[in-house]
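Written below as structure tokens is the structure these notes are about.
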Amino acid sequence: MDLTYSEQDERFRVELRAWLAREVPAHGAPPPPGDWPARRAYDTAWQRKLYDAGYAGLHWPTAFGGRGVAVSQQLVYLEEYAAANAPYISVNFVGMMHAGPTLIAEGTDEQRAFHLPRILRGEDVWCQGFSEPDAGSDLASLRTRAVRDGDEYVIHGQKIWSTRAHVADYCELLVRTDPDARKHRGISWLILDMHQPGVEVRPMRTIDGESHFCEVFLDGAHAPVSNRVGEENDGWRVTNVTLRFERGTAFAQHIITLRSQVRALVEVAMTTPTGPGGQTLWDDSALRTQVGRLSASVDALWRLTQMGIAEAERTGLPAPTGSAVKLRFSELAQEITELTLRILGRPVLGGAAGRAREAARDYLWSLQYTIAAGTSQIQRNLVAERILGMPRSA
Amino acid sequence: MDLTYSEQDERFRVELRAWLAREVPAHGAPPPPGDWPARRAYDTAWQRKLYDAGYAGLHWPTAFGGRGVAVSQQLVYLEEYAAANAPYISVNFVGMMHAGPTLIAEGTDEQRAFHLPRILRGEDVWCQGFSEPDAGSDLASLRTRAVRDGDEYVIHGQKIWSTRAHVADYCELLVRTDPDARKHRGISWLILDMHQPGVEVRPMRTIDGESHFCEVFLDGAHAPVSNRVGEENDGWRVTNVTLRFERGTAFAQHIITLRSQVRALVEVAMTTPTGPGGQTLWDDSALRTQVGRLSASVDALWRLTQMGIAEAERTGLPAPTGSAVKLRFSELAQEITELTLRILGRPVLGGAAGRAREAARDYLWSLQYTIAAGTSQIQRNLVAERILGMPRSA
Amino acid sequence: MDFRLSDEQLALRDTVVSFCKGHSDVAAAASREGKPADAAAWSELVGIGVLGMLVPDETGGAAPGGAAEVAIAFEELGRYLCVGPLLWSTIAAPLVAGAGDGEVRVAGVRVEPGLPVGPVAVEHAGESDVLIALYPDRVERVETADLPVSVAGEPFDPLTPTAVFETLPAGTAIGGAREAARLRLLGTTLSAALLTGVAQGALDTAAGYAAGRKQFGVPIGSFQAVKHLLADMYVRVALARSATYAAAAMIDDPRAGDAVRAASAAKLLAGEAGIGNGRTAVQVLGGMGFTWEMLPHYFLKRAWVLEQGFGSAGDHALALAGALAAEATETTEAANRAGRTTKAASA
Amino acid sequence: MDFRLSDEQLALRDTVVSFCKGHSDVAAAASREGKPADAAAWSELVGIGVLGMLVPDETGGAAPGGAAEVAIAFEELGRYLCVGPLLWSTIAAPLVAGAGDGEVRVAGVRVEPGLPVGPVAVEHAGESDVLIALYPDRVERVETADLPVSVAGEPFDPLTPTAVFETLPAGTAIGGAREAARLRLLGTTLSAALLTGVAQGALDTAAGYAAGRKQFGVPIGSFQAVKHLLADMYVRVALARSATYAAAAMIDDPRAGDAVRAASAAKLLAGEAGIGNGRTAVQVLGGMGFTWEMLPHYFLKRAWVLEQGFGSAGDHALALAGALAAEATETTEAANRAGRTTKAASA
């Protein structure tokens, strides 16, 4: 049990910190929320810089253009990245964290050779086409249909919750290729070119007033059979195989963000006057107690993440504590942003630019954490069934 | 919407208060916990005094020896009763609140004529024989068997959670009279004489170290057919019919107790020093905030009880808000007793007599509120299904 | 003692519900975003007697309703996400000529003196004629025409247009400490009534969705996890409602109890119910609950607006604790006095 | 950076588990109620090296283990409801000759000066030879033979015999502020380890019951409501464990972080996990969970004993808040210094 970083890790940290200190300010401020083409340009240019500096795909195997570094260096990377307030991974998320790893695990040599370098260099943006209006928690009930026509699939259906699909070049698409098979069978995993007739993308407005997500309407879209990843009707397995790549880092950056949010909250409380005698909100021990509790949980989540990573490195499989991290992180993000909203008080209501508006956006955004990627209700079922061995529900 | 009491109610209050001020001290202190024969004598003697003074069965119809008073006077009674710290209903609970009302609703004239006066005068003590080791939340799966033998039933089986059965004369017993019927059918409701061979009572020790509950082993116990209440195999309906008598007062006294517990907690906090400069626990705004929240809920529960009672009086049926009262009361009792334990701190650990030991007992006892009479999990199902119209679980 | 709505109160509620139902679907909510209350709806509200409920008649006789009636009406107006400067117009109507009959619209804000005055957020200022500034010891009136330019952005609640002023100009005193206290008490209680309605509306929305939406081949309302979320919503709204009605009844008849304490309990619980149920509605609707097109976010955001007016849950919790401490001190003193008397008598 | 147990640590854990398993059923728990730790078990514990883990060898060389090793062992001892004056014997062993090899049993208590000294509750005083009084600035030793008569009743936790003394006699100083701080840090962290184990034991008990007990024809563990209770127990124990291991690792290697802050986080979360899981185990077992014969109450009561030692959750929350405030002040000061420097440079 060793929580210190090795000398090699620390050397990596020093180099990275210097690079970020130079490049982050040079890259300038991100474009305003909602300008997705500008955001794409900003993010992909940054990805290219990471690539050129050798920081792209730290967690990808070297055989596929990654750096294959030890997980401890990945943690150093995430810590420094957050400390430097470097650009959020944003439009590169699906490619780097999901589609890329899936191709590495299950793609053909041709698929890998074409796509992986383009993802690493920020040339292509990927989106995900999994959820459908009637297939949310029950993803396997999806109905988007792909029919074989020679060496192509012709696709009809509708996807929803495709993050940043409005600026995507490719979509990792789950389709039903055998309508008669039982629901987890008969699904295939396709690479869909987004730039074609038959693909229509409509942004969805969410409760924070923004449009991170899209609906994707597929009306006779085409995908060559050579774009199928894995065997026909074996897409459910392919999807789950990606999970094998999860080494416990999924929420690492989020947890670092929580830590900054707690820090910011303390600063607001310490500088918000509550009386004429120099009293501040921070004099309220009810607030301090609550902040202390939140801070303990954030610290522990970070340690749990480190433990999960160590465990995954030993076994080659995701640590079961990942579910605990997801569950607790989601609630904690909501508690922290809610408390921030509370201490900012009435200034939030008017929506004037600044800290209060950001706090409002953070709070509203946080509400999706207990919903997306498996609601907390579904997650608890999984913890009880897969980790604690309870029988499936009657 | 009128929350004031009528002049008649207030007259009733004045008389009752004077009577309690005289009789409660005169009745002396209750016997030590665990001495059940002494407790029976103490409680039944008190019941007799209530009877003689005209305060027994306020909520029973006059035709059956009750006073048939308006519910507002019942509330006055409960308020004054609690304020005077009068003896808890204890061994008279099942007779007065459950078995008696059931006989009133479904008993034969003979059953009523014999039992009701004896209950009102404190001559007989009743217990309940509903739950079984394998029939808790799923009460209707009970297996205690009653076989007809001439004009008697012969009974074999085992009951559990029979409160104060060690000093009971009669048991309201649910038995299976038709083993082939589907589970809610085939159950009958019997009056069982506890003083006979074939009835063995074993006290159960609970986590507060006491023995309020018993197991009852039935090995060839007899009950005349004339002791059946309702038709044979119709006992499930008879059981549920008793609920019709619930006018929303079930938790009234408990809620008044919570109010005293909050008051006591405040007094402890205000008199527990935390520093050499005269500071007390009460200076901690975290504690004050928590107490303020608890107090708001206690006040609101009392108002919700009053609303439920008014509603029940109008419709003749229990108000649906009764489930909300039960759910919130149970949690609140646990929160209040837990907070009390917390502020009393280390003195609780040694178990020396006094406030700390009582607080420990209150806390441990409160844990049964979310279990007994339908766990909070079952209660939430019922609220969702019966009040909000959700479908039964798949 | 009869904690039921009277026939007149039930009739009033029905009238308000009918008024609201014309505005109750999602499309209607969206159409009202950021807009002032429409004139026709506003005069309809006047017509059913809500705004002028607390105004004594011209001869100085009794007002047409009490706090209880307004609370009943406001609960429904909250439930159906009604827009406009309802709250301040109604509570200030006895002090502002023309407010009770809807001709003068009133916004308002509480001002805590002694603090560095930062920007002041005022709901509905842009669509009102008069701004009430409520100080601890007095009530001031400012004509909204005299207000500086608002520096607000998009309001947090799209249904509650909100202005932000760097400073407030001084106004004309129209009431002293007594009127200020009454405005606080009414404002607290009626905010609780609106919040109770918001909590109920969020529950209606969540329950309706859960009964219809299918996953894994069954309505999601048949899953225990969803049932329990809904049951907890029900408990929250039931407590909030009973506390709010009690506070209103005590305002109308002080013999029934301490209205200030009851109002604190009501606001605290109704705030928890409004925010808690708004959040839970988002969760029950899942992904759809996170979209702008569905109703949950409107309830949640409205709940936050109301939570931030007339004292937050934390403020009221401390106020209640203070009341309990005062009660304990009195009891102790009474006991001491009794003790001294006994000792004196036995000496 | 490798947050895994080493092979030696895993072996230690296995050894402790084997020791515990001999004592792990309900009947064994009942047989231990109110009794001093039995001599054979105590020397077995010595044998597997737990009590003397922190004692440097006779030549002044390294101790056989660090805080991490003791935490690993204590977690299992908590999980299996092990009895006896483990905690103080282990942490005070470097200061009390004979404690590390089990010949001298040590009880202890923290004393906060400046307050009117009320009765002092001391776990295991009756079965110990030495009492450690831990003051903020010093450590004192009292021979238990010199203690007054206990006024205790039945202890809250039937497995933790507890004495209550009206006063504590003065003792012999055996350490100063530095030793006192180390005892506090070790005591806090190892209480967290015991609590983590208690929380895990409660989860084991609840999950085992839920898998076997049938209602409505199926195991109750197939109901979502029960699953969710169990899942929340799992999350609590996972967080408590990671926080505790981190605190222990920082005690052993201060380069890894601020051990005092980590210990506060660990104690806070482990206390919540212990009490929360104890309570939830009672609930999952339902009526049976409320009986004395089943295990849940032992876990719950033990959790309360540990919660009341070495700082409650509230104490540690405030300590953490203080650490955050200090950090914020430092950051601000650093920023100000940097600002001044910049200004000075640009001037």
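For reference, chains read A, B, C and D in written order, and residue numbers begin at 1 within each chain.
Simple rule for what comes next: a contact is a pair of C-beta atoms (placed from the backbone, for glycine too) under 8 Å apart; a residue touches a chain by one contact, two chains touch by 3 or more.
Here the structure is a predicted model, which means the values were calculated and not measured.
Greatest centre-to-centre distance from subunit C is found for D, with centres as Cα means.
Counted by C-beta pairs in contact, the busier of A-C and A-D is A-D.
Subunit B has its Cα centroid 52 Å from the Cα centroid of subunit A.
One simple way to say how far apart two chains are is to compare their mean CA positions; for subunit A and subunit C this gives 39 Å.
Subunit A and subunit D have centres, each the mean of its CA atoms, that are 37 Å apart.
As a whole-number value, the distance joining the C-alpha centres of subunit C and subunit D reads 47 Å.
For subunit A, residues that reach two or more other chains under the stated contact definition are 284-286, 288-290, 377, 380-381, 394. In subunit D, the residues touching two or more other chains are 216, 223-226, 228, 314. Residues 1-6, 9, 68, 203, 207, 210-211, 218-219, 221-224, 226-228, 230-232, 234-235, 238-243, 245-246, 248-250, 253, 255-257, 261-262, 264-266, 268-269, 313-314, 316-322, 324-325, 327-329, 331-332 of subunit C touch subunit B in their complex. Within the complex formed with subunit A, the subunit B residues making contact are 284-286, 288-290, 394. Of all residues in subunit C, only 223-225, 228 touch subunit D in the complex they form.
Against subunit B, in their complex, subunit D makes its touches with residues 114-116, 118-121, 123, 150-157, 160, 162-164, 214-216, 220, 223, 225-226, 279, 282-283, 286-287, 289-293, 296-297, 300, 304-305, 308-309, 312, 314.
For subunit A in complex with subunit D, the residues that touch the partner chain are 1-6, 9, 72, 75, 262-263, 266-267, 270, 282, 285, 288-293, 295-297, 299-301, 303-304, 306-307, 309-311, 314, 321, 324, 327-328, 377, 379-381, 383-385, 387-394.
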